[in-house]
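What follows is a set of structures to go through.
After this come two complexes, each holding chain A, first together with chain B and then together with chain C.
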Partner chain A sequence: MNLFASPPSLYRGLACFIGLFGTFMANRLPLLLGGLLIVLVIMGIQGKLREFARFGLTVLLHIGGALIVIWGFVRKSGPNGEHSPEDGVLFAVLTILRLALLGAIFLVTVLTLSPDRLSHLLHTFGIRGWALAGVISYLNLWSDFRRNIKQIYASRCARRLMPDRSFATRLRQMPYTLRTLFISSPMYSLDRAQTWESGGLIHRLERLDKRTSATEDSFQLSGILLLALATGWAITTTVYFFKSE
Partner chain B sequence: MQKENQDYAVTSDNEQQRKKVLLMATVPIGLLLNHAMGILTLYLKLPLYLDNIGMFLVTILVGVPAGVITGILSSLLGGLLINPVIPYYTASPIALALVAGWMAKKGYFRSIPRAIVTGILLGLVGATCNAPLVILFSGFTGTCTDATTALLLANGQSLFTSAFFANFVNDPFDKIIQCLLVVWMIRGFPKKLQIRFANSGYLMRNLIK
Partner chain C sequence: MNIDAVLTSHPGNPIVLEGDNFSGRTDLLRRCVADRSQQGDQAIYLGSCVHRYLSSLMPSVHDELYIHALGARHEKSLFRFAESFGLTRCFSQSPFVLSGGEQVLLTILAKLALEPDVLALDGTLAELDQVNKIRIVQMLRASPIAEKTSTLLTENGYAADRMEDLPIRRSVGEFVTTSRTPPRFCASDFCFIPSINTGCLEAKGIYFGYRAGSLILRDVCFRLQPGCIYSFEGGNGVGKSTLAQILVGALPLHRGSISFNGRVLNPWKNPGQTVVMHMQNPDFQLFSDSVYKELSDLPDFSSGSAARLAGVEDLMTEHPFDLPFVLRKRLTFSIIAHLKRPWFIFDEPTVGQDIQTCDQMVAVLRKMARNGAGIIVISHSQEFIRRLETKRLWLEDGSIKEL
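Coming up: the complex of A and B.
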């Protein structure tokens, strides 16, 4: 049985908040390393390691590099006046690990949700009615946006305003594309919202949500386990935080 | 009398429905604009954020509450989709939507000089809200202020001074550009679209007659 495959939405949300609180309280290297290791194991079970690697490469790597260079080699001290390069590097590593954990906790608890479960999670935390419809609409807008961009390029090519579709040409055409896109998007969006409203989407969304919660096939046990891990993490880091104070 | 009341109820229902439609239409567009520009600046490492542009647009089109909702949702979803650090900056878009709404009400998105004034004010508000949080992340958040913070830290300034000053340098520039882009966008709105937003936010006050 895959324990972390599909915990219920509410447990995920709570585990996320508690886990984030624990991460902010964590101020020791072994604690942060241990926490990250546990989250990485869960991520491995969920098959989300690739996404985390992408986050590491795009966000963490350059922040980490900058932090280590500035605090370890330029300032050669920590922020509280400790005068050794080791303290600077330690401070930088602590910050990187904290950021890594923040990202990893989001990934494990929330980003493994399927779109209908995400609507359930948002609903649980009070985002309902048109606001929920707005979020769902936003999550589906990206594909519309890409399609609109293609349409703009096609029409500009047809009117001979764009010689070809190479990357350089598309980059040069960006201001025209963006303006057309930004002006046409509210138009499309208004029409879509009107259709949704007249088609009773919000009521249907409420019904879908009730059905989702009623037939949720998630394992209660996995939710409890996730919540227990997050709570344990938060308690441990809080105890160590006050001990070091 | 009864008929009059019934008519009023129908009008009020229609008005509510119209507002709902406007919110359902503009909030996702605001979120999309915020995140599209945020992702662009994050990956191109541009010295700007540009991630409030959608929120400013929604504030002008539908009003302050819609702008605040867009700002909050944008921060929360930005944490999930772009950078997990973003949700901790939620206070900033709330303050920015309030100020942008106030400026839009006074017609400060009507011309380029006015938009620059709005940008400076919004920049100062944003910097004040953001600086304490940058300190929480040791001065580095993977955003455009990192370079300025690093430069100041390298020159021996304290973390507090570096983070605070870096925000006050970058934010006004960023917000001026965003305000100018918003002016450019609303000026390009076709008549048909202008009419649909005529009674909701502050669009008409910010269009040159």
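Coming up: the complex of A and C.
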């Protein structure tokens, strides 16, 4: 059996919850760095490093930069009244590492699941019917938004409403992009939700779960390993959390 | 007369509902679907712009089809049909990045997989090329996949484009009566202001692919003269709209060059400078909260020509998204036709429009060409192309040739 083969959905779900809990408890820089390193290794095995790098560049980098400027150079203190810029920077770095770790854990455990196994995972946790379709749909929302924004830029170009691609011009498109997104996207979501119901798609999702559960009981070992790592992480961070209290 | 009675009297045969725009066809189809759903039947409505009917639950074309076909009696046949429609080559892609025609094929197959009792296709087939349209109709008529399903569909535009394979035709007037006066698309006093710059649009060695290693356009070359109407033709998914978007500057040019009057352009850097485009889906091209605001930026807004052309003079305070699809499409057509640019592209302008409107569109485009504008039309309506007397450019296997 391949140790690194995809762990079963249930183990992934539990590991996700425990791992996220552990991350919330982690309050020391070496702990967070160590945790992130382990998750990055798993991510490398899964071949998802490039996706995480994209997340880091588009989201974490900007938030991180802003946090360091605000806490380190504007406020020049930590949140608990420590009066030095270093404390402010440390707090910003801890926050950004936590965010990175939360994203990485979610990617490794849940977002790498194929749709059928994701459906199985949600089903295992009692999410069924409409709620199941809703959650799966929400997980696809970001890519839907990204596509819509590209489409709106293209359409504004086609009407000569975006005469160049400078940063200032792109910034000026923002209100139109948001307005159209918030009107047409919910309109489409409603249409889609209606087709789930009228076409019996929700029953098909339930069937998907049954088919997946029938084929998914191998690779237990990798699941146990993932769960053990998450549990170890949560215990360590909890111990350190209470020690520092 | 009750539409249900007609459905039960012609089992297994698709029924075409005939009628002009605003004759009540869409309402009739929607009501039929709602009534049948209330009775406990499975009834599905599909309109134009089918991307809104994709489930958005699945990340790839294969998974979209798979989830719909799960447990269906004819699961394997559905995948065979998908293969025959050429959908297998895009199985790993997101359903949302397919071309309009490919999305129609995928959506119809997916919905048939759910084995509905009633399937209502409201202008859905308009974006299909002739070959795929015939195949879909044959599938609806004779394939075991659709044997349980009663299909209702509407066809717009010219009679010559209609399906001979669909002999059962009923008039919407048999089922509904409408008293309201429909808004008219009126070309009679369309006031076109030509651009000062006119000139040849030339493309040399255009290459483009959405993914690395997979080119959709290969060495596309053409030289188009102003004052002429051209049509980009070809099957679904060959890259007609992609090429149009490159010319506009909505997509980057990977290799090759575009020039206007001998001067090399960079449309990606300055989009819409030389070429503007009416896109398939009007919803992405409307940005204001009233029809008035939508039109107010046009160069000749005060003349009211744009509002009259679209037939929206009495709807100026309405939100564009409150207008029916047919009017949203006319509105974006009118906006583009009133821009002062040397080149215009109209991508499927006739979708959802009745014969009178198609005739008026022909008149508008001819007037623009007579005044020196260069026009490119992308349409699967052969009759529309014939009436425009276009110079035809055929796109196949990534390259373009004159017919």
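Keep in mind that, in the parts below, the second predicted complex is superposed on the first by the 160 of 245 C-alpha atoms of A that agree within 3 Å, B and C clash if a C-alpha of one lies under 4 Å from a C-alpha of the other, contacts with A are read in each partner's own complex, and residues count from 1 in each chain.
Here is the rule we go by: a contact is a pair of C-beta atoms (placed from the backbone, for glycine too) under 8 Å apart; a residue touches a chain by one contact, two chains touch by 3 or more.
Because the structure is a prediction, the values reported are computed rather than measured.
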Which superposed partner A:153 touches (first chain B, second chain C, both, neither): second
Touched partner set for A:179, first chain B, second chain C, both or neither: both
First, second, both or neither for A:106, with chain B first and chain C second: first
Contacts of A:161 with chain B and chain C, given as first, second, both or neither: second
Contacts of A:143 with chain B and chain C, given as first, second, both or neither: second
Touched partner set for A:86, first chain B, second chain C, both or neither: neither
First, second, both or neither for A:196, with chain B first and chain C second: both
Partner chain(s) touched by A:187 [first = chain B, second = chain C, both, neither]: both
Residues of chain A that lie at the interface with chain B and also at the interface with chain C: 133, 137, 179, 183, 187, 189, 192, 196
Chain B - residues contacting chain A, complex: 17, 20-29, 31-33, 36, 42-43, 61, 69, 73, 77, 79-80, 83-85, 137-142, 146, 150, 153-154, 156, 158-159, 184-185, 188-190, 192-193, 196
Chain A residues within the chain B interface of the complex: 55, 58-59, 62-63, 66-67, 70-71, 74-75, 79, 91-92, 95, 99, 102-103, 106, 110-111, 127, 129-131, 133-135, 137-138, 141-142, 145, 179, 182-183, 185-187, 189-190, 192-194, 196-197, 202
Complex interface listing, chain C residues touching chain A: 33, 37, 42-45, 51-59, 63, 67-68, 70-71, 94, 96-97, 111, 114, 116, 245, 248-251, 268-273, 276-279, 281, 283-287, 289, 321, 335-336, 339, 341, 345
Partner chain C, residues of chain A touching it in the complex: 114-116, 133, 136-137, 140, 143-144, 147-148, 151-165, 176, 179-180, 183-184, 187-189, 191-192, 195-196, 198-201, 204-205, 207-208, 211
